[in-house]
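What follows are several structures.
Here come two complexes built around chain A, the first alongside chain B, the second alongside chain C.
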Partner chain A sequence: MGQNGAGKTTLVKHFNGLLKPSKGRVLIDGIDTRHVSVATLARKVGFVFQNPDHQLFSETVEDEVSFALKNFGFDEKTISERVEKVLNILDLTHYRKSSPFMLSGGERKRVALASVLSWDPKILILDEPTIGQDSYQKERLRQFIMQLNQQGKTVIIVTHDVEFVTECEPRIILMKNGRIIADGDAREILTDPNLVSEASLVLPEITQVFMRLNDYGFPRNVIGVYEAKRLILERLSGGFMR
Partner chain B sequence: MAIIRASNLTYTYPFAEKPAFKNVNLEIERGEFVLLTGPSGCGKTTLCRCFNGLIPHFYGGTLEGEIIVAGLKPSEHAIYEMAQHVGFVFQNPENQLFALTVEKDVAFGLENLGLPRDEIRRRVDWALKVTGIYDLKDRAPFELSGGQQQRVAIASVLAMQPEIIVLDEPTSFLDPLSAKSILEVIHRLNRELNITVILVEHRLDLAARYASRVIVMDEGQIILDEEPRKAFLEEKTKMVGVGIPKVVRLYLLLREDGINLSRVPLSPDEAAESIVEVLESDRG
Partner chain C sequence: MSMLDGLRLLDGLRFRNISSPIHKIDPRAKFVYVCALFFVAILFNQIIPLLILFLSQVPLVIIARVKKEWLRLIRGSIFFAALIFAMNVISLYFYGGYPSLASIIEHSLAMTLRFIVLVESFSIFFLTTSPDIFGLSLEQMGIPYEFCFAFTTAIRFVPVLAEETQTIMDAQRARGLELESGGFIKRIRNYIPILIPLIVNAIRRSLELAEAMESRAWGASKKRTNLYALKMGGKDYCFIIISIIIILISIYVWLFIKIPSITQIMQL
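Then we have the complex of A and B:
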């Protein structure tokens, strides 16, 4: 996470070899990205671009999603199963025969996600995956990403969506002016007002509420709605009226 | 008289099987700040494309019913004419940038209005500053980060100070602090210059507090048109997957347990205030 222009996209483009470092090196699973092609790395590292239009080119959604699978040499049956599954997960089944260019912005973003998720890479890099998504789609996406992560996949998300992040509670790396300025768990980073403003973020809504309740003895590092409710209820049931 | 008025408006893209939206009736008065939201693909962008004539001029298709924007019928005026009344920030900022430098991009529309030199200079500088890209003014728009490009697109529209500003998910690429400060600038333009604002957003946490009215669309229809505090309590809003702000979620969760905050909060400040009231009265 971090300021516009901080270097997030530039950095993650190094993880699948799209960009090569002018100094230093990037190792992916022990392989130096300078010594392999993007195509070789792609099997391992799936990358969804910030702007889906940089990624989509096929005539139908179905072709788009099966393109990489064909290239990687999967058999017909596997391809059709995978396509079916991923279209379903991203709520795109009814668009399978549509042109990606005739879809809405949020739908195009989901096609871009589908086309990468279909080949099940070990490492997933998602640049702003929640753009254009309503809260229902975001929640589906979140559950799917969490599931992949539990299966042992490495997931790297670039995002400005603070509230989405509070629901995932990942490790967070903050960038500013081309440098990493913090690296820690979500609760610790997102409730640190100095870090948050230095990285041009805002505190989560619930954290902002609890910062203002500090005089009443509430903790400052609250990020979720359910813990917020619990804390307030606890306080009240100990009170005079109940 | 309403600055935007749509009656029985129905639109179908070329070759599409069904309309992208159907029988939309809508009146927006001058000076309103409208938040337009609804599930991905429900027709928000399509509706906005009718406000500045991109539909029908650019997209073709069939537009039925009637629409009048700033006293004009968009179908009878060229897109550049409509652009003098309606500023439009696209969902994808890249589609909107064309000049060789950021500064030229922002100045382009103003030069076409035939304003005096120093007025152009003043407005361009102001727009570059409020969107935080003054230092990038000599850079090429295509060599900027996603969020920087989005700021250029927003600056170009703000500089024009048109009667109506339509912003289609303008904060999607912006870092949260910039999103907040840019929305505040837009809110100020709305109040001080009485500019009508139509903001398409999913992240209501950021936008709810500025809106005077929330319109929710679903499957090509307007299903709700309310002031924000009421809109977020409606069952319909939740059903179609509109993400209500976290502070409203907290309000609803507390209500389930019989704790009634004095009003539906639209910002953390409002939420904290109401919670303090409850705590104080609990203490007796």
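Then we have the complex of A and C:
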């Protein structure tokens, strides 16, 4: 996370070899990115770009999703299975035969995501995945990301959306002017007002409430809704005046 | 990568907002000068006058303080220059009837140099003339405003297009597209996933631009006036006169002086 121009996208473009380090090295699974092609790395590192219009070109959603699978040389049967599965996950099955250009912005974004998820990369990079998604789709996306994470996949998200992130409670890296200014747990980073404002973000709403409740003995570093509920209920059952 | 190279080349022509004596010259005067350079470059096909023409522009580039951009542009045109050189050598070898390989190479070099001189003079013009002022000068020459506007807009969108092409290429490579793989036909087909998003986005952007323009009442008044008006001054006329002198001298040289080729000089 970090403000515009902090270098987030530049950093993640190093992970699949689109950019090569001018100094030092980048290792993906022990492989130096300078020695392999983007196509080879892409098999391991899926990268979903911010703007779906930079990649959609096929006549149908189905073709779009199978494009990468064909590039990687999967056989016909596997391709149709994978396409079926990923369209289902992302709620796109009924658009299967539609032209991706006729879909809405949020739907195009999901097609772009599907076209990368299709080959099941070990590491997934999402650049601003929540832009243009309504809250229902955002929640679905969040659950899906958590599920991927539980399957042992690494998911890297570039985002400004603090509320989206807090619910996942991930490791957070803050960037500013091309440098990393903080690296740690969401609970630790997103509740630090100085760090958060330095990265041009806002504190999560729950944290803002709990900071104002600090005088009443509540902790400051609360980011999740469920934890907030638990703390408030505990206090209520303990009585208002102590 | 040749498409991107072409766009980068165009991007090298982008105006940089700095101030210099050359920047202040009226675009119409500069245009006459560029035409003079074009004329001379087309007139001669020997290496010596073209070399003189090439080198005589260097002081101008330095005065205009666009040396870095200019060098980048020359470097960017190397791909096309090499192509022109190769085409010339091949066609002259088979159809030219030239006496020796040395003279074929010399002639091809001259043709390549001519191309570089054309790029060079073009770049001096565009690097030192803001698109707005250029549009204004077109308008004052009586060209309808719609065309002037379309022209300046086209220039303005070149860097946007170059950046977008790069992003699209990145996005498709991230999906396993290998641009440099396969035979000739396959390589051309490889560009389809890049061209389609580029074209679709260009159309989409032009529709958005049209809406933005209409919402700002573009074309509401039939008779437009401009805040700035270009006026030719003494300096500008001077520049035009210099251009005409260059043309006259080169016509004289072309008619009356025999220019030796490098191969001939070497043989002496």
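The rule is simple: the second predicted complex is superposed on the first by the 239 of 242 C-alpha atoms of A that agree within 3 Å, B and C clash if a C-alpha of one lies under 4 Å from a C-alpha of the other, contacts with A are read in each partner's own complex, and residues count from 1 in each chain.
Here is the rule we go by: a residue touches a chain if its C-beta (ideal position, glycine included) is under 8 Å from a C-beta of that chain, and two chains touch if they have at least 3 such contacts.
All figures in this text were calculated on a predicted structure; none of them were measured in a lab.
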- Task: Using the touch definition from the top, say if A:Thr93 reaches chain B (first), chain C (second), both or neither.
- Result: neither
- Note on the structure: The chain contacting more residues of chain A, comparing chain B with chain C, is B
- Task: Please indicate which partner A:Ser80 is in contact with in the superposed arrangement: first for chain B, second for chain C, both, or neither.
- Result: neither
- Message: Going by the contact rule set out at the top, does A:Asp53 touch chain B (first), chain C (second), both, or neither?
- Response: both
- A:Lys138 contacts which: chain B (first), chain C (second), both, neither? first
- Task: Using the superposition on chain A described above, determine whether A:Val38 touches chain B (first), chain C (second), both, or neither.
- Result: second
- Which of chain B and chain C A:Glu163 touches, first, second, both or neither: first
- Partner chain(s) touched by A:Ala68 [first = chain B, second = chain C, both, neither]: second
- Overlap the chain B and chain C contact sets on chain A and report the shared residues. 51, 53
- Flag every residue of chain B that touches chain A in the complex, lowest number first. 13, 16, 37-41, 45, 91-92, 94, 144-148, 150-151, 169, 171-180, 202-203, 205, 240-243, 245-247, 249-250, 253-254, 257, 259, 268-269, 271-272, 275-276, 278-279, 281-284
- Can you name the residues of chain C that touch chain A in the complex? 164, 167-168, 170-178, 192-193, 196-197, 200-201, 204
- chain B-facing residues of chain A, complex: 2-6, 9, 50-51, 53, 102-107, 110, 128, 131-138, 160-163, 197, 199-202, 204-206, 208-209, 212-213, 216, 225-226, 228-229, 232-233, 235-236, 239-242
- Please give the residue numbers of chain A that touch chain C in the complex, ascending. 13, 16, 18, 37-39, 42-43, 46-47, 49, 51, 53-57, 67-68, 71-72, 101, 115-116, 119
